[in-house]
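Chains here go by letter, A, B, C, D, E and F, matching the order in which they are written, and residues are numbered from 1 within each.
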Amino acid sequence: MRPYGRAADALRTIEIETGVSPYAEGSCLIKCGNTHVLCTASVEENVPPWMRNSGKGWVTAEYGMLPRATHTRGRREAAAGKQSGRTQEIQRLIGRSLRAVVDLRKLGERQITLDCDVIQADGGTRTAAITGAWVALSRACNWLVEEGVLDVSPVHGQIAAVSCGLVGGEARLDLEYEEDRVAETDANFVLTDDGGVVEIQATAEDKPMPASAFDDLFTLARKGVKELVGIQRSAIG
Amino acid sequence: MRPYGRAADALRTIEIETGVSPYAEGSCLIKCGNTHVLCTASVEENVPPWMRNSGKGWVTAEYGMLPRATHTRGRREAAAGKQSGRTQEIQRLIGRSLRAVVDLRKLGERQITLDCDVIQADGGTRTAAITGAWVALSRACNWLVEEGVLDVSPVHGQIAAVSCGLVGGEARLDLEYEEDRVAETDANFVLTDDGGVVEIQATAEDKPMPASAFDDLFTLARKGVKELVGIQRSAIG
Amino acid sequence: MRPYGRAADALRTIEIETGVSPYAEGSCLIKCGNTHVLCTASVEENVPPWMRNSGKGWVTAEYGMLPRATHTRGRREAAAGKQSGRTQEIQRLIGRSLRAVVDLRKLGERQITLDCDVIQADGGTRTAAITGAWVALSRACNWLVEEGVLDVSPVHGQIAAVSCGLVGGEARLDLEYEEDRVAETDANFVLTDDGGVVEIQATAEDKPMPASAFDDLFTLARKGVKELVGIQRSAIG
Amino acid sequence: MRPYGRAADALRTIEIETGVSPYAEGSCLIKCGNTHVLCTASVEENVPPWMRNSGKGWVTAEYGMLPRATHTRGRREAAAGKQSGRTQEIQRLIGRSLRAVVDLRKLGERQITLDCDVIQADGGTRTAAITGAWVALSRACNWLVEEGVLDVSPVHGQIAAVSCGLVGGEARLDLEYEEDRVAETDANFVLTDDGGVVEIQATAEDKPMPASAFDDLFTLARKGVKELVGIQRSAIG
Amino acid sequence: MRPYGRAADALRTIEIETGVSPYAEGSCLIKCGNTHVLCTASVEENVPPWMRNSGKGWVTAEYGMLPRATHTRGRREAAAGKQSGRTQEIQRLIGRSLRAVVDLRKLGERQITLDCDVIQADGGTRTAAITGAWVALSRACNWLVEEGVLDVSPVHGQIAAVSCGLVGGEARLDLEYEEDRVAETDANFVLTDDGGVVEIQATAEDKPMPASAFDDLFTLARKGVKELVGIQRSAIG
Amino acid sequence: MRPYGRAADALRTIEIETGVSPYAEGSCLIKCGNTHVLCTASVEENVPPWMRNSGKGWVTAEYGMLPRATHTRGRREAAAGKQSGRTQEIQRLIGRSLRAVVDLRKLGERQITLDCDVIQADGGTRTAAITGAWVALSRACNWLVEEGVLDVSPVHGQIAAVSCGLVGGEARLDLEYEEDRVAETDANFVLTDDGGVVEIQATAEDKPMPASAFDDLFTLARKGVKELVGIQRSAIG
């Protein structure tokens, strides 16, 4: 029924390759099926003006998509002169989610920027970006410890994200593009390894859904995230 | 415990005054305590270029906040030269939520734009905007029927929205600004009058929350929306 | 002859309600017939960079119009990404006019920003904005005295503004939209309570006008401003 | 008393050289003392979208200043990414003034754009621009007649502009920069050759002025414009 | 002497992997040492407005660099709101170079856009982009032939590009970043497989260079391009 | 064969008038046939933020073209809201070329900005701008010496620029617009008075050119620059 005969509660093949950037303090390339996102973490020894002298650091994210990451070419945002509302929404989500598991005071007055650039898109780019960004962030913080800059990593929790949706009335885990564009409902879950909620965004595209359907999606998401956190741990080593 | 001695599961005083604009095809001023939002619905006899000849109409929304709607003056977005990511996120949410209860084919090739302008802000402006925008939209569609443009209103469902949050560990309904800025978790629910889910956005600000806490917020939201849809019905008459 | 049987030298019904904003240091809602403008004065304890260490303060203004303040919906300037030439012209006029009656040295190194937002437009929005802004500014300065920040108010004069025009050869006071769009000539006068000139902007739309016609408009404006300053005084109390 | 011993009611030396551009349909370089403005009129065989099929043409203007036209270098507006409020105000004034003496129906569906570029600035650039633009416009319209495109010129009146101001209490004609920056009041008059009013903009910079002072400025302006229209006529030949 | 003991006239290790994008009509990842550029060619069945009904197609290019492609993080151009002058200069160069070997009439009224996105930067990104873009373009044109859209490929020549420079007085081929930033002179050559000149850009950074030094660079470039075109041919197969 | 019967290796008539701006520290109007460029050098006693405390100064350039400098009117960049890629490319070239003959350390921590504004364009505007900018820069530096600000001029070399091209297979010096738009190849050379290379930009528009053709252009350029530097010297006096 699903593309490639995938079960309704199965993730696509997930691969996380770390250390892909020769310059970034932390990096990985995450592949969720045909969705490929390059995540780099850049450490800078200063914080935004409004945080100076606060004794706290900052974690933020930027998201981008190469023009031909998609089936048809999209307009380059740098050429258009601004980031779309969708892009801003996604990068705000990534940054907010990561900050929920970082102790900004322990980070000290420095900033870590996560750049999540979509090389290929086949649905679920924002959740792949969050899952990958956590890996890049963790590696950058470990690097800060190895370099003797910090005593302990300020990352105090593990998060991963996955999308779920109702397609033809069926609750499915980890939608790919062909499913996503016909789904009745699309929901993104950012959860911790022990099932805690960091962020939930559920949207009924065409018509409202019953509360029970939302519960089904939430259950699928917990299953998916449990698998994703295992893959993240293997990647970090 | 709460400001004004409000119970944890109580809404603020809600008032919806309709017909406040002499020009708009539908309008209302919604007051949720000290949060006041002016909502107007403007009918235009054309659709965006990408929808032409589709036989369908479009419903969209724009959101704004007067510079001194808040405790301290904010920068005017028109002067800054762009809408903030937050503004775009909110107006996308309002438009998406309304489209979930409108039959765009029945609307025909015309566009209805909901302008939601915050005159005073004391927390919960986006949910007030959605609740008010539904009223303005319904009145504009009724006007189209009265004018003989349409046979029946294309609005096929009723929605309202409310925010909930955990403050000091307690689940509370309809946060005001002073609560919102110290809340551990903030969640916005857009629900139908019979409890269907249109949109859920839950965000753990500082640290993840257990799934049970999310359930408590969801329960509060259903109670709040049940009251709001009654007030909407009275306002429309 | 005129809408509502108004005499050529009669103002529309003018109402000024003060204290309409719970947050601004000074505010009013001015209604000139169907033209409604919300004016707020925000005091900030700093000045623009080019004024620092000058020992002087600054008074400035911003002007905006809600998209559906008008008969047909106008584009939101924040969405368009810039303020129109008309908007900039108007806000420069408002700020300049107010500065003519403020002693910037007595104000001290702080800035007062007047936000004039048009809620409904039926002609004469810029003159209503000036008349209302003077009230909001005066109240903010009185507040500074009451708070003990200043010994005396730096506002040393009273101003009000009104538009006049030639319609079908007749000189008329306080044009509304239906008159304005067919007027041969449009003139805006900003005058003091004792008839002094702060600003005059007269424009012959289609063809030049004789100097005597300009004199007629000037005479009408003096009459109108005399009434307006009385209403301002009552509003301030 | 005045720089160069000029009388209070005397213009600076005015020169208008026509035909300075090898490409423009009409052009002149106007010199008012050290203020030099290059004015070109460009005829294009189409009108803005909102005027199509109206049977009428359009006359518009753009204004610019070379970065080092002034005593100290100003920022290039193209580099800044937008035209200042002042620039927009001026170019709107120039276009509006010229349209008051052009029969747009006789012009037919074509547009004439007046580019007024300040090569050197020493006060009075906007009034010099209007006086020069009228010459360039007239020459372009004469060219349209010579080419057989039009039967008669659509320019039905002659305008020129001049600034006046109060300096140390004295009413002076045609202020130069050193006077302008200390003037109590600045007023710009756009008048026809027979004394008709096209536009008046009077601004009291520091404090209001009595109505009698305004009358003095108006009288000076009429004298100045009478001389300017003679120089314009000689230039056109 | 050079990093990695490279000879003055030796290229870095060059690899070109084709077919890396699942969606683009032509694509490759080119690696010149640590400089990695992803090049995709997107075919669209329309041309820019100014080329419509000309019977000719268009080839254009866009260039971007991921924020952490470099040693320290650079600002994302989409977030900055515009492409830098450097970016525009480079993408204009890429497009112009490719058009020199394409018969736009044979291409027909369609556009091919080359997106050159730098994943890692270690000097020579613009020349790597050109060399890779030619491969992506050729593959897209071959695809058009295979699909039966075109009878023959409109690509009538082969080009590749390389940088050369004077470092410590020595002429070197294919500079990497550490050499580039200390080079006295930097020159980029776009040449055909038979030594024809498509584009030369030579810049003396600090002080002028003798003409003989330029000749040395030119000679090196011809040697380098000869090797590059062989690698391109192998890549296309 | 060439317009005005000019020989293939002849420059157009060149005139350089210095001291044309009453305010700039150095200025000239350069005329190369019908191409007229106004060049001003502005000295400012500060440097860009990234150069502060470096002990070095900075030389930069901005380029602009009046809208009707060309045969048909072009869009004003200030109105368009940005400088075109072409404009940025040119002004970067001018600044870079000049810095090659200035000792920035001897200049001290001050900035000289060269504004090159094209009053009339008939081909070769960027090379005329460079030739003229060097004159304006030299005069500004001489002024700094005369004023006693500097002991010696930091300008240590003389440069001039000229374009060459292949037209109908013939190598020609100093192309004018009618030649430029049909040229097979266009090349710009910035050379020193003793034949040193500062910048070469050669572009084959339609098809690649043989290396020997490039040599012919280079030879012509050296001849042209030799004449130009003589004219520059006479102009400076």
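Operating definition for what follows: a residue touches a chain if its C-beta (ideal position, glycine included) is under 8 Å from a C-beta of that chain, and two chains touch if they have at least 3 such contacts.
Everything numeric here is computed off the predicted structure, so don't read it as measured data.
Trainee: Out of curiosity, which chains are bumping into both chain A and chain E?
Mentor: Per touch definition, common to chain A and chain E: zero chains.
Trainee: Given a C-alpha superposition of chain D onto chain F, how large is the rotation in degrees, taken in steps of 5?
Mentor: Fitting chain D to chain F on C-alpha atoms yields 180 degrees.
Trainee: Between chain A and chain B, what's the gap in Å when you average each chain's C-alpha atoms?
Mentor: 28
Trainee: Mind checking the centre-to-centre distance between chain A and chain C? Centres are C-alpha means, answer in whole Å.
Mentor: Spacing between the chain centres: roughly 50 Å.
Trainee: Can you work out the whole-Å distance between the CA centroids of chain B and chain C?
Mentor: Spacing between the chain centres: roughly 33 Å.
Trainee: At which residue positions does chain A touch at least two other chains?
Mentor: Expected reply: 82.
Trainee: From the touch relation defined up front, give the order of chains around the ring, starting at chain D and going on to chain F.
Mentor: Counting round from chain D, the next being chain F, yields D, F, E, A, B, C.
Trainee: Can you check the complex and tell me which residues of chain A touch chain B?
Mentor: 82, 85-86, 88-89, 91-92, 96, 100-101, 157, 159, 187, 191-192, 195-211, 213-214, 218
Trainee: Can you name the residues of chain A that touch chain E in the complex?
Mentor: Against chain E, chain A makes touches at 21-24, 27, 34, 38, 40, 42, 44, 62, 64, 66-73, 76-83, 87, 113, 115, 117, 119-120.
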